[in-house]
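Shared between the two complexes below is chain A, which has chain B as its partner in the first and chain C in the second.
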Partner chain A sequence: MFGSTGFGGSSFMGSNVVTAPTNHNPMKDFEVVSPPDESISCLEFSPASIPQNFLIAGSWDNHVRCWEIDQTGKSIPKSQETMQGPVLDVAWSDDGSKVFMAGCDKMAKCWDLNSNQSIQVAAHDAPIKTCHWIKSHNYSCLMTGSWDKTLKFWDLRQQSPILTINLPERCYCADVEYPVAVVSTASRHLIVYQLENTPSEAKRIESPLKYQHRCVSIFKDKKGMPTGFALGSIEGRVAIQYITPSNPKDNFTFKCHRSNGTNQQYQDIYAVNDIKFHPVHGTLATAGSDGRFSFWDKDSRTKLKTSEQMEQSITACCFNRDGQIFAYAVSYDWSKGHEFNNPQKKNYIFLHSCYEEMKPRQKS
Partner chain B sequence: MVVCKFFLEGRCRFGVNCKNEHTQSRIGNTYQQQSFNQPVRQQYFPQQQKLRESQQQETNLESLLYVVKDDATNSMQGGQWLFSCYAPLLRKFSKISYNKNEENLPNLIDYSPEELKWEAMQSSMNGKFHDYTDKLQKLSQNYQTIQRALQNLDQATSNYIVRYERGETVSPAGTSLGNIASCFPAANTTSNSLSQFSFTLPHTQNPIQALNQQQQAAVAPFKFQLPSQQSAGASFSFHLPSQQTAAASFSFKLSPQQPQSLINTAVTNEPNATTRQIPVSAVPHITENISHHQLSQIDLEQFKADKFSFGKIPRVPPPIELR
Partner chain C sequence: MGRKKKKPSKPWCWYCNRDFDDEKILLQHQKAKHFKCHICHKKLYTGPGLSIHCMQVHKETLDRVPNSLPNRGNIEIEIYGMEGIPESDIRDHEAQKQAGRITTAAGADSSDEEGGSSAKRAKTAQPPGQESTGPSIPSLGSMPITPMLASPFMGMGPMNPYLGHLSIPMMGSVPQMPLPGGAASSPQTPAKPLFASSSSPSSSNSASKPAFAAYSSGGAGATIVGESTVPKKSGVIATQAGSSKIMHPEEDLSLEELRARYPRYQRNSVPTTMPQMSVASPQNTTVGPVSTVSSGQMGLPMSHLPAGMMIPMPMAHMALPPHMQMGMAPMGLLRAPHMHPGMPGGFAPYGAPLGFPMMPPRFR
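== the complex of A and B ==
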């Protein structure tokens, strides 16, 4: 007998009993073959610089897997790379030739897909939570954020970081859209960096959210310049924040991934595990601990769609380069502790055709 | 002309065609926190009326304390992730421009699910999963005590929060927020004093000594099911990809096990992935109460002891008297 998977019984989180759906693919999406056995921590599609769609997934089983996704939605396993600890984040180089991976082994590695060789390119004193590739006109580097409270920038040819920035707390999430980087740490710190010439702190922003930050994603304005970010917390809430708002009213928050519990008076509150913006429409997707994903239009402030409920939480999501495919990973996010960890439960990665659904609503 | 009250609330559907006047109020339209097509009552911040009042006159932060109460109640009832910091943000309605106190209340430190999962895995690899569950249980008791204090908001706690949000130098000691804090220095995000996990500063090794042992009736009891006897042949194992039965199996060329390292850091060799296991509790959660008499002698001794002995962990929950 295994620990409760959520059927009946109360958890330390409260008495929200969720009747698990019996269908493992309620959205009837394309299922990626050979998914990882352990939780999936990160998903990234290949950049626009290569014509094909490659999907990379990092997992708590120490592996980074690569599939090719063809036009029909079929997934073909291509290759796999191994770290010495659970993988927490992956990133692509701008030319699509290399994949970076970082995780609990306190290292980041660069995996050259053509030669299938990998080398270590970064090191921290604690697990690395985020890694992002920065491509500037006069430099390129890998930015790693770690629980050791530092942000480091690595030129792949050098052993030591070209820059180390101290963070006020452990790095929890980050995003890069040149020339802006946003980093959020434990204790609700929010820091914006500008990346031109050399990365430097641009601004500290007071968090509009009251609880632990979990994910962040930068959005761009009509001209393609990064102008703000979406921030998700463990409290089922997302904040849309402009870096320099023309009007304070532009910033707002909204609740999401809440459900009516058995106790009607109080909603069940689930964490927002991931946020990603559609590369073409500029609308956003949120992935929740409740096992649902939702699409939103931040400009007209409307919800576009909410999915059916998956068998487990959605731990990661991403869009492919042209915004046709929305990939999301269904696996346990540890939101209810070790008691609800059921290794026998299968993890999934689904591919959802999203281009039409994510079109923005006309502002009324 | 009559000022349009819906416009002031940010929800007039006539827009420019409205026959009432759309002027900003003296303070400006403070309805910043619009929800996505949700009724007004689900605003994040206090209602418009209270908002305008509090900004027009000297702020009465006491009247906003209900926000703290609601936050704590909603989070406990809603099954929210427990190990999170909390910022009441009442100060945003105060006229005080600089507040030297951190926004986050002291003694509530962030732990992300990933950190706890990693801690669990490491403990399991070192054969010390018990330690992990013990520490976690103590930690969760602390957080729950604080959340309950925020829900109940007795006089001392209320006074503390109001003064804290005003920027005064106050200590939580003596309030129900402070019983746990009393053995630790005041909130300092770099000290991580509440944490007992290995990933924090080395000096925080001692478990909390002066824990308030009174188990108040918890709204959401944190029931730990200790790992079962079968942890040796654990049901939790990491499968190798080759065990997949999927038709399209991975045709991967394995990269060399020891990647060339450019960097001379001491990388600890983690055990092979296949041997890493986290014990999964086999005893499902049981809510019925079992009286004294139904327990075996060994079980009774175990419940009465301070710690469970390995190999004698009872399979049934303790009776009410021993909880």
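== the complex of A and C ==
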């Protein structure tokens, strides 16, 4: 069971005998078998609509892989799809039957897991950085955000987008939590869209951060309505921003993924590569270029946990539907340029039992 | 004018000129921000305490209080909350508050905890220091010696981060004496009523607003203190500022954009402008990219190849393992052949490098 007691070393995995003396798994988490051969760009667990846990990972090796994760932490490779360029984002359809994949080949594809067929469903003039499935009561569509400075909405049955929204800059990150979408672009633009009936711009928010935005994740209030988002920048900082703050002091930023290493002259500041909210507790996880992940409670403004340091950066992370499993991908994120890309270094996806650790700080 | 508000001023932090509602919070702030050991994160109680701790425990000398304004870094002066602040600085602070009420320097941002805003403060605070030399000396006039001491320091103050340190011998056992240059730190005109009457409306404006404008336009002249700097618009990230280094390439592009223009990831990118509802084959369609990749696309990434790779490339392409051909490894780093089992057909397009012209070295 993936409960609080579910810790097992990687030696548990019979198929993955660890021989390297270096500790590639400092958290002693479950290791996903047959990881991608190049950096992992995105990770998504299947939605709550299906009983099993499927994990999807997109990679710079042009592949999208799918594993089934069972309750003992064992991963079973299920299938693999190929794009014509590095994959930058993946998304599940609400019913868990399809996976959308987008990337540097400037297109998005829909992968039907039952038939194992994939068709192209979207195209842009530049690589597509984000894709999200939008499910509302009266329509459903795929939202794609691209470096061609557009946001497009696709009905899977039509060749042309049902809606194109121009962005002020290249799309860098986005998140969707119906009826709200948040998109952030280069030059730190931040736009909130409402998705009811026809998606439209609801609000532009001045960036609370001073550096390039890198990841954004919407959070919900107690009633389950999206009320704000967490925004991560390359300068080891996360902003908690409410879309309509009742009090301006509700918005705040905090530092993370920084190190005061052996060299005390300089503090090394790393990018926040990914942010995800826990589906049950509402606490959040940040994944850093420094190779660590941290768990935070935004309401009590405290850190719950920081992981050990991995061999390489953590490039993506996600929670499964019931918040028992935290998956994180260890691979190179290019933060030190191509010179530091070492193809010899293996990429990993780990599964961390997180339900207890992510519980919010008790109010005292 | 002689009108004085009898309102007791809020507690404020001598080190960073920040106001607090409560002295308790001020003490917390000072402990967390100014009296925290950067090595072991132990929170000390005073600047000298921190200095002694660093010396005894870590064998390190601290020359200034962390996160302090340029002229408030004196590590030897014992300040605890509001206790121990030099008299003149208190007076200047109050005078400046009076003037400040007119302009209300939109200060109260909620995310004040970070270096970002304190750095901003430092910046705003400095240029006025230079300007306000005139008015501030008379404000110290009651002490006959200080003008003489102060003026040389005033002149070089903003340039010399060790100002506070240098002044120690003079301060020594007389903590009540005004710090040379102390007056210069106040963001607004720190004038006595007499001067305020003549200069406050104009100079309080000119001291706060243009000072910042001067920084943002000129830039070079201002000393940057603190850990974060607003990145310049020119698409370059100030990765190194103050005592910190942002682990990110200097170019203000997302890591994915930087990575995507590396030739290795371009080989399969087929430009698609129109959506096609064609069924994609499950296997990677390795259409020869040499023809489809436009020269414009190939132009960028070349500058990212190590210098050593440029000549041997076309020849070595035949004999070397694929990663060497692609210039993955900087010269001098040995790389064993590394195969990508998960990339069937992925090698076919490696013919692409044949078309590469000379590549300029990349400097990072």
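We adopt the following convention: the second predicted complex is superposed on the first by the 341 of 364 C-alpha atoms of A that agree within 3 Å, B and C clash if a C-alpha of one lies under 4 Å from a C-alpha of the other, contacts with A are read in each partner's own complex, and residues count from 1 in each chain.
Everything below uses one rule, namely that a residue touches a chain if its C-beta (ideal position, glycine included) is under 8 Å from a C-beta of that chain, and two chains touch if they have at least 3 such contacts.
Worth saying up front: this structure is predicted, and the values here are computed from it rather than measured.
Undergrad: Chain B versus chain C on the shared chain A, clash or fit?
TA: In the arrangement built by aligning on chain A, the partners chain C and chain B clash.
Undergrad: Once the shared chain is lined up, is A:Ser97 touching chain B (first), chain C (second), both, or neither of them?
TA: So A:Ser97 meets neither chain B nor chain C here.
Undergrad: First (chain B), second (chain C), both or neither: which does A:Lys249 touch?
TA: both
Undergrad: If you count the residues of chain A that each partner touches, which comes out higher, chain B or chain C?
TA: Residues of chain A touched, chain B against chain C: more for B.
Undergrad: After lining up the shared chain so the two structures overlap, which partner does A:Ile76 touch, if you call chain B first and chain C second: first, second, both or neither?
TA: It touches chain B, and chain C stays clear.
Undergrad: Name the contact category of A:Thr302: first (chain B only), second (chain C only), both, or neither.
TA: After superposition on chain A, A:Thr302 lies in contact with chain B alone.
Undergrad: May I ask you to decide whether A:Ser136 touches chain B, chain C, both, or neither, giving the answer as first, second, both or neither?
TA: Touch partners of A:Ser136: none, neither chain B nor chain C.
Undergrad: Considering only touches as defined above, state whether A:Glu339 meets chain B (first), chain C (second), both or neither.
TA: In the superposed model, A:Glu339 contacts both chain B and chain C.
Undergrad: With chain A superposed, which of the segments 188-196, 260-268, 296-304 or 314-322 in chain B collides sterically with chain C?
TA: Of the candidate stretches of chain B, chain C runs into 260-268.
Undergrad: Can you give me the overlap between the chain B contact set and the chain C contact set on chain A?
TA: 34, 37-38, 41, 60-63, 80-82, 84-86, 88, 104-107, 109, 116-123, 127, 129, 147, 159, 170, 172, 186, 210-212, 214, 234-237, 248-249, 251-255, 258, 265-271, 333-339, 341, 343-344
Undergrad: Mind listing the chain A positions that touch chain C in their complex?
TA: Per the touch definition, chain A meets chain C at residues 34, 36-38, 41, 60-63, 80-82, 84-86, 88, 104-107, 109, 116-123, 125, 127, 129, 147, 159-160, 170, 172, 186, 208, 210-212, 214, 234-237, 239, 248-255, 258, 260, 264-271, 289-290, 333-339, 341, 343-344.
Undergrad: For chain A, which residues are in contact with chain B within the complex?
TA: Going by the criterion above, the answer is residues 1-4, 8-16, 33-34, 37-39, 41, 60-63, 65, 75-82, 84-86, 88, 104-107, 109, 111, 116-123, 126-127, 129, 147, 159, 168-170, 172, 186-188, 206-207, 210-212, 214, 234-237, 248-249, 251-256, 258, 261, 263, 265-271, 296, 301-303, 333-339, 341-344.
Undergrad: Enumerate the contact residues on chain C facing chain A in the complex.
TA: 38-39, 60, 110-111, 113-116, 227-231, 237, 243-249, 252-260, 262, 265-266, 268-280, 282-285, 304-306, 323, 328, 330, 335-336, 338, 340-343, 346, 362, 364
Undergrad: Quick check: in the complex, which residue numbers of chain B touch chain A?
TA: Residues 29, 31-38, 42, 44, 71, 73-89, 102-104, 109-110, 112-118, 120-121, 133, 136, 140, 189, 199, 219-225, 235-239, 241, 244, 246-257, 259-265, 267, 269-270, 273, 278, 280-285, 287 of chain B touch chain A in their complex.
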